[in-house]
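Once you've had a glance at the structure underneath, I'll fire off some questions.
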């Protein structure tokens, strides 16, 4: 893998903390473009502190391939099963992004309120782990079977909420996934505010698609700003 | 153009980011006082990173006059068409200023809640791009024709909201436009909060005018503080 | 006047900006203990930038006594008339503290929600300038006559809101006034939040008095922290 | 006591300020593992400024044992009486953590909304000091008798709100208490937001227990990040 990609993965960890998407928990991974059966992710640690030396390689069973003996996150199966189910996905972010949590625990549906978040599409699914792990679980995606059910809920969407837990966001690249994670949080905050003022005029499905396509051409612009803030 | 004006344009980019009006997107321009048929704006990049070397000159058709070959923002027509329609306007800001977005997508009207935002006047228009570009657009003002419809909606106002997108703010100078952009955001936040407490006692039209005139005499005061924070 | 007092006045300017009470506008003054007919205040400038060299002396008519020729704030009459009406007041703060604004423009009354803000007492008056200056004013306290009506509204209270404008807070010392200004803002934010959850159990009048007396014994504690943040 | 524990106590003071749990007031203590009849706490000062030289030792009557003559916080009885009543508790935090205050003064019950705050359990008690000190108190836990009533209200819970005042949080270690204090504040903020969107799907009691057990295995991860931010 190119070291550029790895240094972007480190940067993405720091950016996501600095922009309020990750705190001491949550993780981002990138699929290895040369071997799509494996992906890079940090070992089990706070994302703010990740360096290149802390990255490891996992396979799609969620086993660390190298370096030997390193332990990564309990919830690595979020990543491995989405990479298995979605061949075009190159980066996955799991976060407890705060403004998003309320949309996972109420009947309110997260929908695109402005042109920056068209990627949310017509519908953001909500994963209810109780349907799969019962009412006594610790809510973690701690094995392949649970990872698979989350991947099924995600389907072809770019974002899935996870009830009482957080969300998962996917992208065709680290930059796209980071963009989507940051603007998912932003959309949740704006939708929360707007919903108190009255009925919300959301993007049409066609507007959501068109704005999403348009933003994909400008992923470098905010990335350069977010990067400046952390280096 | 005096280099003082250009360094203020650079400062304004940084101030607007630092005060939460711009993020990785949005832009500010200043009309060339020596040639009112053209204006200065940064090339297509995150405003936080703009330096004097990144500024270019555009004409009122939205073409970059110099330096040759530089690409500026897709939405330069927001600026060019407002400069065409409003000869007294010397600076234009387009932003996705967060607290303002909810007022563009609900029936709630943005109105001046305190003496700092009298410039909002009796009524802040809302631009609905669907009325001009249909239901499939990417919401961007990407040509002269759309720019013209936005300028018509703005009319003689100082601020127009743009549904699902953001807002445009104009001024007689960079400092006035920056002041207005920052206090538009502030007013939106305060109005949102106040509207939850009960019926709001807004400024009368005469109070709005009087406070706006008064604030225009003190534009340097906050500017010096905002400047200190970014240099 | 002791230079200690003047350096505290400079510090107070910076602290109030840093803690979100003042922005580019608003002001704090301290009465001269050796000559109660005059007070110290900065010249007309952003409080964040005030140094000792920027302080001037005003008399209770609102005239600058020294240095000759210096211009202070238009609204100096807020200070002069309160010092005239309230001999025990040694410091006055006028701010546009954001969370407080909504309580000045709605029917909601600001009341002490926790032990840090007992000084708000049983009732915080709201000054409506329309009752004194009519419906066309710029909302500023720009002469002695308006200053006097504000002092009458304040009465014996520690805080008065000013509709569509901000608030005024008084204290027996700079530290007490700063404490009160910061916790007035904090109380407004908490009361706003609490009022959305249900009926609020405010402090009783006796609790308000007892907590206010108690906090007056600990004014140095937070001051040392606020000071550390700005020096 | 190991100096490691004392330096963690100093760090915890700074972390709790930096993460918005403490401001100029509030305190954290740690029980002496070698002598469970005493605990370490800072002398009466702003937590942001605490150094190891400012720590003192208290006994369970709330008397400072050493250094002689040092005065600690008026409300040291919160700590001493909880240590007396709960032998397994090794660290106690009292704060005015802002988002928590509204839940103490309204009928709304604080409940675990996501997996980070399972430690809140099925029910967070609210301490009403009026039931013990009458309607004229200054709300402070200023003697052993009041400390005892607070410990009774806390019972076996990890957190108790204090009406019009703040909260107390306990843990088996400094790190656990800090984790709980920070995520109590976070939960309050999220619950406030969610409750405006609709009925909230809280954790089941079994989920609360399971997530709490799980998080106890990862206390070092966020601690390392919080620490990095203050050193």
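We call the chains A, B, C and D, going by the order they appear; numbering starts again at 1 in every chain.
Please note the rule applied: contacts are C-beta pairs under 8 Å (C-beta built on N, C-alpha and C of every residue); 3 or more make two chains touch, one makes a residue touch a chain.
Keep in mind the model is a prediction, meaning the values are calculated, not measured.
At the interface between chain A and chain B, under half of the residue numbers appear on both sides, which makes the contact a different-residue one. The angle of the rotation superposing chain A on chain D, based on CA atoms and rounded to the nearest 5, is 90 degrees. Taking each chain's centre as the average of its CA atoms, chain B and chain C sit 32 Å apart. Taking each chain's centre as the average of its CA atoms, chain B and chain D sit 46 Å apart.
With touch defined as above, residues shared between interfaces to two or more other chains in chain D number as follows: 196.
Contacts between chains close into a ring here, every chain touching precisely two others. Here, these are the chain pairs in contact: A-B, A-D, B-C, C-D. Of all the residues in chain B, the ones that touch chain C in their complex are 113-116, 118, 186, 189-190, 193-194, 196-204, 206-207, 210-211, 213-214, 218, 221-226, 228. Taken together, the chain C residues at the contact with chain B in this complex read 17, 23-25, 44-46, 48-49, 96, 98-99, 101-103, 105-108, 130, 135-140, 163-166, 192, 195-196.
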